[in-house]
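In what comes next, chain A is part of two complexes: it sits with chain B in the first one and with chain C in the second one.
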Partner chain A sequence: MPRNPLCTPTDHRVTRRRFLGSAAGAVGLSALANPLVAEELKKQRRQVLFVWLDGGMSQLESWDPKPNSPFGGPFRPIQTTVPGIQISELFPQCAKLMKHLAIVRSVSTQDNSHSAGVDRIQRGDPKNRGVTYPFLGSAVAKLVGPGDSGLPPYIWVKPMSGGFIYKDAGFLGPKYGALALGDGKPPENLLRPNALTAEEDDERNDLRKLLDKNYAAQRRTELTEANSHAYEMAAQLQKKIELFDLSKLPQKDQDRYGTHDLGRHMLLARRLLEAGVTFVKVTSYGWDTHGDHFNGAASLHPKFDRPFAAMIEDLADRGMLDNVLVIACAEFGRTPRINGHIGRDHWPEAWSVAMAGRGIKKGVVAGKTNDKGTDVANDPVDIGGLFHTWFRALGIDPTDVQYGNAGQPLPIAHEEMKAVKEVLA
Partner chain B sequence: MPLRFSLALVLIATGGLRPPLANAEESLHARIDAVIEAKAKADNVPLSASADDAEFVRRVYLDFAGRIPTGAETKSFLADTAADKRVKLLDKLLGGPEYATRMADLFNVMLMERLGDSPEWAKFLKESFEKNVAWDAMVKKMLRADPKETEQPGASFWLAKRLENYGQNPVDYSGLTRDVGRIFLGKNFQCAECHDHLFIADYKQQDFQGLHTFFKNTYLAKTVVGERPTVEKTPFVSVFTKVQMATAPALPGAVMIDIPALTKGMEYLEPPDKKTGTPGVLKFSPLKEISEKLPTKSNTDFTRNSANRVWFMLLGRGQVHALDLHHGKNPASHPEVLDLLVAEFVGHNFDIKYLLREIALTKTYARSSKLPAGTKEAPDAKYFATVIERRLTAEQLLQSTLVATGNDLKTADTLRPKFVKAYANQAREPEEEFTASLKAALFRLHDDAVLGLLAPKPGNLVERVAKLPDADAIDELYLAILSRRPSAEEKTAITKVLAKHHDKRAEAVGRVAWALLASMEFGVNH
Partner chain C sequence: MQPKKAPADPNMPKELGKPLAPGTQVTRVRFSPDGKMLAAACFDGKIRRWDLNAKDPTELPLIAGHNGWVTGLAFAGNALFSTDSWGRLTASDITAKEPKLWTLEAAHDGWARTVALAPVDSPIATCGKDGFVRIWDRANGKKINEFETKTDILSVCFKADGKSVFAGDLFGIVREFEVASGKVTRTLEAKELHRLERIQDVGGVKNLLLAGDGKTLFVAGAEPKTGGFVQCTPLLFAFDVASGKRLSQYKGANDTEGYVTDMVWHKDGFVAFTTSGQPGQGKFHFWKPGAATTFFSGGKLPNCHSVALSPDGTMIAVSATNANSSGNGRVKGAGGDYPENTSPIQLWTVPKV
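Right, the complex of A and B next:
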């Protein structure tokens, strides 16, 4: 029997005040002064890296090759470090790290247009309740919170322009939107103008803080706390300006990740995760290979393979895979049928999603497609099921935790779907 | 004095003897205060003291001139010893040239929710407030959106903007229906689109669908609003009951409007012109129907929502809270106050200026935002015992920043886009409370649109003040930016800072001015 849709919202774990207010910031700051406490806090972090391959990556040239089939294409599968699991030869680095990865090969979703798919997948496609659901990043920002970093909980590294992207937050409200770093560059107005020295800046901010302290001493404190937190976040981001300067990293890192967009952006993402950001999304565009697909894949897929594998390796080396849930996803896969332009078109019916890290079983494949890769063999997994999986991996039970939208309780994931147990640790 | 008589006086003074509605001759503001004070007393909620003159002068300028007072205006108000100086100031501002501009901004933000701007629309709002046009007449024009309207074509922008489609997305008729319900009726029927609301018994699917039926045949004909004939009821089915229903245009809770039977081809008085795209004139126009039936004295949804929103504008919280959740199980915090506001607003033919003035004359409006003496926790906002700090619009912040820093008001047009970008919410996100954001903090910290105003330039605040001795300089900065005098502690702290920068005094003064501008105290109407 389904749960009563009228039950009381339980979503009070992260209150607005804690998110916006100084409480979280204060914990972070005092804790960081004590290295032992800081270490302990780091261990408790729950973080996500969400790699978005916009346009749709082909499952056949990546996680689910179909050699010797009519639609298999020219590339061969290779053995991974997990006996019995093969992936495409275009992913040699990932093959070495398969022992950390989990692949779901039975993903089957609803939308085959980009405009609908990008939103539906990232919002987890819940049942229509007349509200706009948050993107995964905003959802995690809400459900997990900003943690101890003092940085915004949802940062989006993407090519081209950046800014404050509110629309991702849906009904959760703009404060859960994304801070987008266009081409990995810092947000507008982040840097102190040269005319102002650091001492002068401190001096004026100390005065501001004195004023705010006096103001709040006699009044309701919530607004001032929220405002102070915004300034504190600005200061934290500014202090971490070196995050954005990848040139200071060892040459070896830059070589391993690559100097192309996705390589640089993944390296920045690693730095943001190290700094404690709760949710980092990295977007790579240009995967919509309707024509000349195989030459395209030969060039595109290694651009994902290298930095993704380098990321997994680095997170594992740093012990961070215990905290960070890693997901590689797109709005759909690509058609097994090869079109007249030697391309593959949109294929939501049967595709793959890879994941690793926190809460995820290591070195497994869940689900399978039929011999030709045209359909899921059994138990298709829709995006709602993946949302269940990811929330559970983060220690959030979607049958227990709900959103509250102005008194309306809303499930955090499609209530008729279930997690993919085979990939949960 | 006989004992009995003095006791009676005490009771009258505390409002204990006086039933709020007993004396209809009494002014509206006094009757409102009586109810609010009685309820606070009954529930043992302490009231904050009356705002001091500095708080009051800043508050009314922000509310009715859309900016903080200049240093000179503050000084002259503080120095004024007349007993009725607050009423005089209020009436000066209500009759002043900035009133209409301020109201146009306030109502634009509420009505358009940052969906877009249009010069014609801005003109419609400003003219309406200049002439103090009645609220029902304004709403009538907005909902009618008559393509033949020549005097104030901007009125149709409210509807026209919502009939635009973005990219490949279809026109959001559901969103339009929701907005009519939320903004004009105070009822958010969003959850009632597909079924009766699950936990607000008053909100029926019929309400949404009936309202929707007024608008479902409207369309955007270039810049004007057109209507295609409405010839039959809208069928709908609840996703839960699966029972087939149908509705003609109907206001929530009201009877359906008859759809006249017209032969195909005979629906128009004037047919649309396909060549020019000019919409036709219908024999049966649902827009005409709703424009005549919604904004009326007998439509309690409209009157209660309107009065509640005007109250909200000056008090920071509706009598009914949230603003778009009027229903039987969500009563006003002070039902008598809302009844009074409604009765007098209707009685004064929806005269917005009258209602604003009465609310601004209440002791409730004129209380301090500082907590009541001896308390540490703020009383629940629903008591209106302590003034609620209100969000400033991007325009109020822009004008106030220019006034505070003594810079040319003509630069407003160039700076406006930056202020809107930094401070406005995204479209469709009501700006009903203060929200802190990283974007706004970074803007204040580092953007030249702010810092440039603090560089000493001939005649501006920083240049002028830098020439004064410390004590005077600090006084002037506080009066100009925070509309008050500094405390002893603040004076000491700033004197210390200035002492360190004898060689670059103007720059140091600029940084002090920045701290004042970037403070919470400047950023809200408190």
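Right, the complex of A and C next:
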């Protein structure tokens, strides 16, 4: 029988059939039964929460306000809990938690288009070597591993549809792709239907495994692996299905995070981090405010501020900020110049990224922009520098650790860039 | 042979001179009650003024002191009331060298959206993002009453008898508050003006206007199609004040025209209004209530944000935006600099209708 090297899109759709397969991958579960061992493993965790504000959040209405300047906009700056650091009035909750945060105000990147910028930022914009680098989530999944959670290492909580997003993995191969939870829900048809007994389900799975042998014989090895991996993830998620039921959480939690998409998804992210998932990405869409930007910001920014601050507060209360690196990022910032539609356009030239948690200094600002916010005043930081920073925060030395791509050693971050030392603990 | 130039249509507005150049962007323009002065509320926290007595308008000393953006302007005699996006309300004597009469630094917590005058010798009203409508004594700035909606209130205007105010919010709701009691006496719905797009509340009642006879309330904004870029079609409703029923509406042709940014009532029975537009678009318009479309839509300058009518009804001022105001990345000016956009203000004649 000829081998078919190609997958169809449906091969990667995560359905019940896809998910209800192998129970493999539950490595370490027996050890977790011992509370002392489990506690020790928790302490050793290295995790990441990556909040992606798709479209580009304005630095001027968030982390780097320029009040009463030509491009400053209508909003006031407010004092944070760290003397001398002010942020926008649209972030009152984050202002209270500034003591945990680090802001890099001197980010300067290369792309002002979404289509190129999203990938370029999330892949760390390394030197071009003719290979597709992994997104940060896939990179961390590879470099840190799945840990002790018994859950997939890279979970992406996002609006709209979900599935297994293998393209994120680049040359690492599909198994380091993202399991995307559309609207924060487990993949469709994940649960065993009530009409089906466990025995019947086992029989179905035996049949599936048999059929999968045929499937595997016709595919390239890495794709077969990815396929099996998806089954393993399904089985893992099924064992933790209670994670997705936010309705049983205290009403206070739901109020603090908000009942809108971003609030619900951040609350789910907290649950996933608590369960030990290595890398959780939360995406919010709709930040591309070319028109009526300031009213847009007045609506959007508080919906980031509250759940983000609630997350930081909760992670701190649980002692998890020692383990979890938290990053709030986008593909670029927004223009200082205010257009005729009272919007701000795309601006990679001088923008801000916020972070907190593992390996990150608390209550600091690194870098600065000029008085008008139109240029980085000194030492611009490209995304490669931020990748260095984040890897170092996770205890990975980018000058020492390399990927191996079929025998080709590849640096994990742009080798000509350096970490932002001012924000590293 | 040159083609013969068509004679100017006497029924169409005509430009009066070159645009005024405030050098910054403008949120509101208003004429003084005697028609001799034009004032512009600016993005740089200043109010610019022009003397219209001279052959060519002459810029007068600016009024400083506001923070963020100056958002609202209303003249009453020699007094000019102004609000800003940091919550300040100021009364200025436009004839004085030191124009400040009184000021309230925190009339609102943050963005004060606008200021409206009641009929003669009555109070003024402001509204804000903080969800409050506040009524002030125009003589001294003393608070008379306040009403809270807990929603962002974008617009406010008094009823003709001055005994109640209409306040329009982000969600397309217009509430009528009784000034004396602070009670909501009724609500009018214009929910087409709001859309929840993903997690963004878009639109709202951007403007309220009472017709000259006080019998019709105009409620304006846009029908939003998206958040972010904000594609939206201008939408303007006429409500019968007595019954609260909708009488008629004007809807723009497409979703690139933006929202209604400002409007004024002309004594000849029409509304003059401006639209924001996508970059390079946005006009000023004349609309007779009940008509299916406008009887004038134009203006050479795009992205219009305010319109003012001279007291005698013969002249309007429209603030717009310079060309090529948008662009991703570092769009450079002619001198290689990174320029601020500006709002040229064009004066026009108003045709007899």
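Simple rule for what comes next: the second predicted complex is superposed on the first by the 356 of 425 C-alpha atoms of A that agree within 3 Å, B and C clash if a C-alpha of one lies under 4 Å from a C-alpha of the other, contacts with A are read in each partner's own complex, and residues count from 1 in each chain.
In this section, a residue touches a chain if its C-beta (ideal position, glycine included) is under 8 Å from a C-beta of that chain, and two chains touch if they have at least 3 such contacts.
The model shown is predicted, which means the values in this text are computed figures rather than measured ones.
Of the two partner chains, neither chain B nor chain C is touched by A:Lys418.
Once the two complexes are laid over each other on the shared chain, residue contacts for A:Tyr215 go to chain B alone; chain C is not touched.
Of the two partner chains placed around the shared chain by superposition, chain C is the only one that A:Gly73 touches, whereas chain B remains out of contact. In the superposition on chain A, A:Tyr285 makes contact with chain C only, not with chain B.
Of the two partner chains, chain B is the only one touched by A:Glu200; chain C is not. In the superposition on chain A, A:Lys361 makes contact with neither chain B nor chain C. By the touch criterion defined above, A:His346 lies against chain C but remains apart from chain B after alignment on the C-alpha atoms of chain A. Legend: residue contacts after superposition of the two complexes on their common chain; A:Lys99 is shown touching neither chain B nor chain C. Residue contacts after overlaying the shared chain place A:His260 against chain C, while chain B stays out of touching range. On the side of chain B, the complex with chain A involves touching residues 167-168, 174, 190-191, 193-194, 198-199, 322, 325, 369-371, 378, 386, 389, 425-426, 429, 434-443, 445-448, 451, 487, 489-490, 493-494, 497, 507, 511-512, 514-516, 518-521, 523-524, 526. Those residues of chain A whose C-beta lies close enough to touch chain C in the complex are 55, 67-68, 70-76, 89, 112-113, 159, 260-262, 284-292, 295-296, 298-300, 303, 335-343, 345-349, 372, 374. Those residues of chain C whose C-beta lies close enough to touch chain A in the complex are 24-25, 43-45, 67-69, 71, 85-86, 110-111, 129, 152, 170, 197-202, 204, 227-231, 258-259, 276-280, 282, 302-303, 305, 320-322, 325-331, 338-341. By the touch criterion given at the top, residues 5-6, 20, 115, 128-131, 152, 164, 166-167, 173-175, 179, 187-193, 196, 200, 203-205, 207-208, 210-212, 214-216, 218-220, 223-224, 226-227, 229-231, 233-234, 237, 406-408 of chain A touch chain B in their complex.
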